[in-house]
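The following pair of complexes shares a single chain, chain A, combined with chain B in the former and chain C in the latter.
Coming up: the complex of A and B.
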């Protein structure tokens, strides 16, 4: 952790407070491992033992993340008990099951819950909160395709970012929008994002040694200059190897 | 022969010993998952053991050919052979009729012995002192035979016997006349409530098979968001129960972005393609072209409880029918280039193929 991988280097400052991070991936290459990495990073950084993560899961149940994070060396159950990890399972308790609330897909209620959780936190925890959403495309499905609802939700989350200095990390699949004429959702999200991480397969196809490449666009707040880094990765159970193209022997 | 090794880590537990679980048709997989068989031995091996319990399997159909039905039939038959409850939804008027076309498991003993005998005799004639090795061979064969409980080979020309169909475990729904997806969703929910997931022993396993989900004869086929939210809720429900949902759909009837969403939601994504009948060029390139009935593309392999992607050596496989009865999957083999044909050296086969159709990879 301390020496930092290429990804940590590209993400910049040790904690992401006040930043919006957008992960984009496609069917061939999943960027979920970056999400796990950031989750682990925000929970296990030694100088910030007061870090809190609020995780909104549309894609997988808790057991999935728990097992993965345990491999990475982070026990989510313990963190949950210590009130440092809040997990919202929106996978099973499907919002459209309730007949009356069909119009908003349960997103308003979900935001209410997130806000309540955050405002109930003790003061010393309030400045390093990470809100993570996995993933936005399923949130869109929950909202029955209403882009505006999702965007409203994200804007509200963004106000949390500025109010409390939280960071917001969200995953979306950009190949969904690749042949839409005006993909307003993904464009707005990219506009919101301070750090954009895109996972793509190699042009030559997937190999067992190289699982894909990451492009990290870090538009620092204080610097006007964008930092662009590009490297390849190989995902393993307990770590991810990052390397520059061609640098592996 | 036909199968690519998926992933071997030196630290993986040897599950062969822990193979025998309390119910037939279940196998331990990595990361605390359980596998059930797809009904095609080769496909199981390619996917690393089978379909994971709790996963959503989607098959993209070919518009012109019914190859997805091969996969669907074997999936359903395998479940019935293991006495697993089945929910089958189809856009036809009478879905129960389809059960009559399900294949029957082949009798392994006959087939095996008839296979083995000539080999053995020949071997003995050549070198009798190697007899002990044949003994070992047989032994491994037998252990494989034991494993066959997990996955049967199905004889596509023999219909499934009545005894498997008469069970009360089979639920059939026609999705043709329902104006929306509420009924289907409810049926799936009640079906899946039989198999709640709890840490501990698994008492039974369910299979859901949905054929041609967005077919145009269904009234809801133009309600893309409704279908998406059904798939999402199905995925959520299956994930929290001991069941596998197998959904086939014609992708070209969906809008491109919606189709991508479906693909993202699938845990395991397969696609099938017919191969043109008299494609001379392809015939020259691939060995065994005459026996192929189609191509299977493995686009995504479920990774529940893990972040490591499964990288297959070959994602495109040919579907062949062995003796017109058994479905086998094989890697594509490039035929040796015929020197006498006088084609120029520069135009190698793989080049012309990849330019012709991007779906083939070597």
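Coming up: the complex of A and C.
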């Protein structure tokens, strides 16, 4: 794994257990690469053999993540076969017909699947579980626009965090809520999050060798260890470069 | 101040009056409200377990944290819950607020999950039913103190969650019923003010006798915390804030106090407004633009100005002040003016100097108006 990148430093060296991580991005600057990074990190961090990732996909199919993670040096198919990577493709699993039956957009059933998966894990694998949700805004679509339902779902995921000490990583788009008078969903998620990672374009406009900036607000379990970092990044073919503003020649 | 608030909750209600109620609120800029809530909770718990307060028991309605979280919290403050079951009960609205788990369990797709705090907690599986919630709180409290004159306290850790599941009127009804209940000694709750509309916050605040709001030391306008100019400010606001307390006395007087709240390694600290804050104020004052002129007149200057005789009103020289008010006919004024002008012509010739005769129009601006006379010009 990429030891010592600024992102890893900002996230802390330990497993994110018991923490809620929120990624916020916008149209100009996608934070998907951070999601990939955390996915790879969660699977490859020591102790390797017991890490488990439950991935709830709304935005992309398995093949998409498989291709990207392969480039980063992580084989999802193998992990899946070893029961260390569980992939729920919501768009495939919940076709419209089935969804129509429930008023909850299938979210209760989805939560049931996640809970069942986690509680069925052998005891030694229950220590380092990461639940990842790739796009909350699309979950809102699945819930037919009901913010409350999404928040209920997230609440239930949060109960898993406090019960099993797993970590919850979720991605949402900041700018789609910019019009709302009271941006309730994104704000509620910010309150829920222990670590907030925000991807933004540079304030100074487009640049060829800097793709954007990341702000990581890591509110430690002990509050005094709050850490705020801000750095820029460049997304390359197989990796991402992180650097402090002005530190690159 | 925080101490004062805790004392007020400890002292409880007077006979025949509503229980004192405390709202703790914060916003995303300084999300320290939950820490303040935990502080008040543990202070009150300490008092209750030491039997120093009016109330003899505590019912905690847990929406946003699991019961085991609170058990650990109180354990860290040196209060052992397991041995003292008789003074605290937790109504668990966190683990399964909507009955999803129960439903899944019935379908056989999930197992029942046990948790360590089960000896002090009882689960509520439908938080939408506010009446049920009310009766559970009351029955838990009465279970601890029994029927009679002994009172208990109630703590609610998230009003936002309640508001998400039930209407404002029913939540307000619940809070107000709890306050009226003659077995309740004091009650406090926590909410994120920016998650609900202003009117909702106002309704909740009206129902409390004390409001503690946590505000940033230096407010900034931009909601975006990631704004790089604000980074240090944001970092500061995450550990420090202003603890504003507004309390309504029984006689209707409102008292406002504030101190500084600081979250450090050792926990939460309340300090009186520090010199550092004074420094901030100084900085703020220093930010006022420095100008080379005075914006206000001194007493002497004001007197001098009053003495100036304006050129077009011949005050004090015996002549009546004539003001044209538009009602006199043109002819009249001509007839009147003609003899004057003929009489004066001689003098005018003699002194060989001009005279402007000006009749102030009644519609004119006051002579010393600050307004720009040309601001309605359209060029």
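Odds and ends about this structure:
Throughout what follows, the second predicted complex is superposed on the first by the 232 of 249 C-alpha atoms of A that agree within 3 Å, B and C clash if a C-alpha of one lies under 4 Å from a C-alpha of the other, contacts with A are read in each partner's own complex, and residues count from 1 in each chain.
Heads up, the rule we're going with is that a contact is a pair of C-beta atoms (placed from the backbone, for glycine too) under 8 Å apart; a residue touches a chain by one contact, two chains touch by 3 or more.
Predicted model only: the values in this text are computed from it and were never measured.
Look at chain A after the overlay: chain B and chain C fit there side by side.
In the superposition on chain A, contact is made by A:198 with chain C only, not with chain B.
Look at A:33: by the touch rule set out above, it reaches chain B but stays clear of chain C. When both complexes are overlaid on chain A, the residue A:230 reaches chain C alone and has no touch with chain B. Look at A:242: by the touch rule set out above, it reaches neither chain B nor chain C. In the superposed model, A:179 lies in contact with chain B only, and not with chain C.
Within the superposed three-chain model, A:142 lies in touch with chain B and out of touch with chain C [touch as defined at top].
By the touch criterion defined above, A:55 reaches neither chain B nor chain C. Taking all C-alpha atoms of chain B against all those of chain C in the superposed arrangement, the shortest distance found is 17 Å. By the touch criterion stated above, chain C contacts chain A in their complex at residues 28, 31, 35, 65-66, 68-69, 94-98, 100-101, 103-104, 107, 109-111, 113, 115, 160-161, 164, 192, 194-197, 225-226, 228, 231, 234-235, 238-239, 263-265. Those residues of chain A that touch chain C in the complex are listed here as 108, 111-113, 115-116, 119, 148, 151-152, 155-156, 159, 162-163, 182, 184, 187-188, 190-191, 196, 198, 200, 203, 213, 215, 217, 219, 222-224, 226, 228, 230. Contact residues of chain B toward chain A in the complex are 9, 31-32, 224-226, 228-229, 232-233, 235-237, 239-240, 256-257, 260-261, 263-265, 269, 299-300, 304-309, 311, 313, 361.
The touching residues of chain A, when paired with chain B in their complex, are 27-30, 32-33, 36, 60-61, 63-64, 67-68, 71, 91-92, 94, 96-97, 137-138, 141-142, 144-145, 173, 175-180, 205-208, 211, 235-237.
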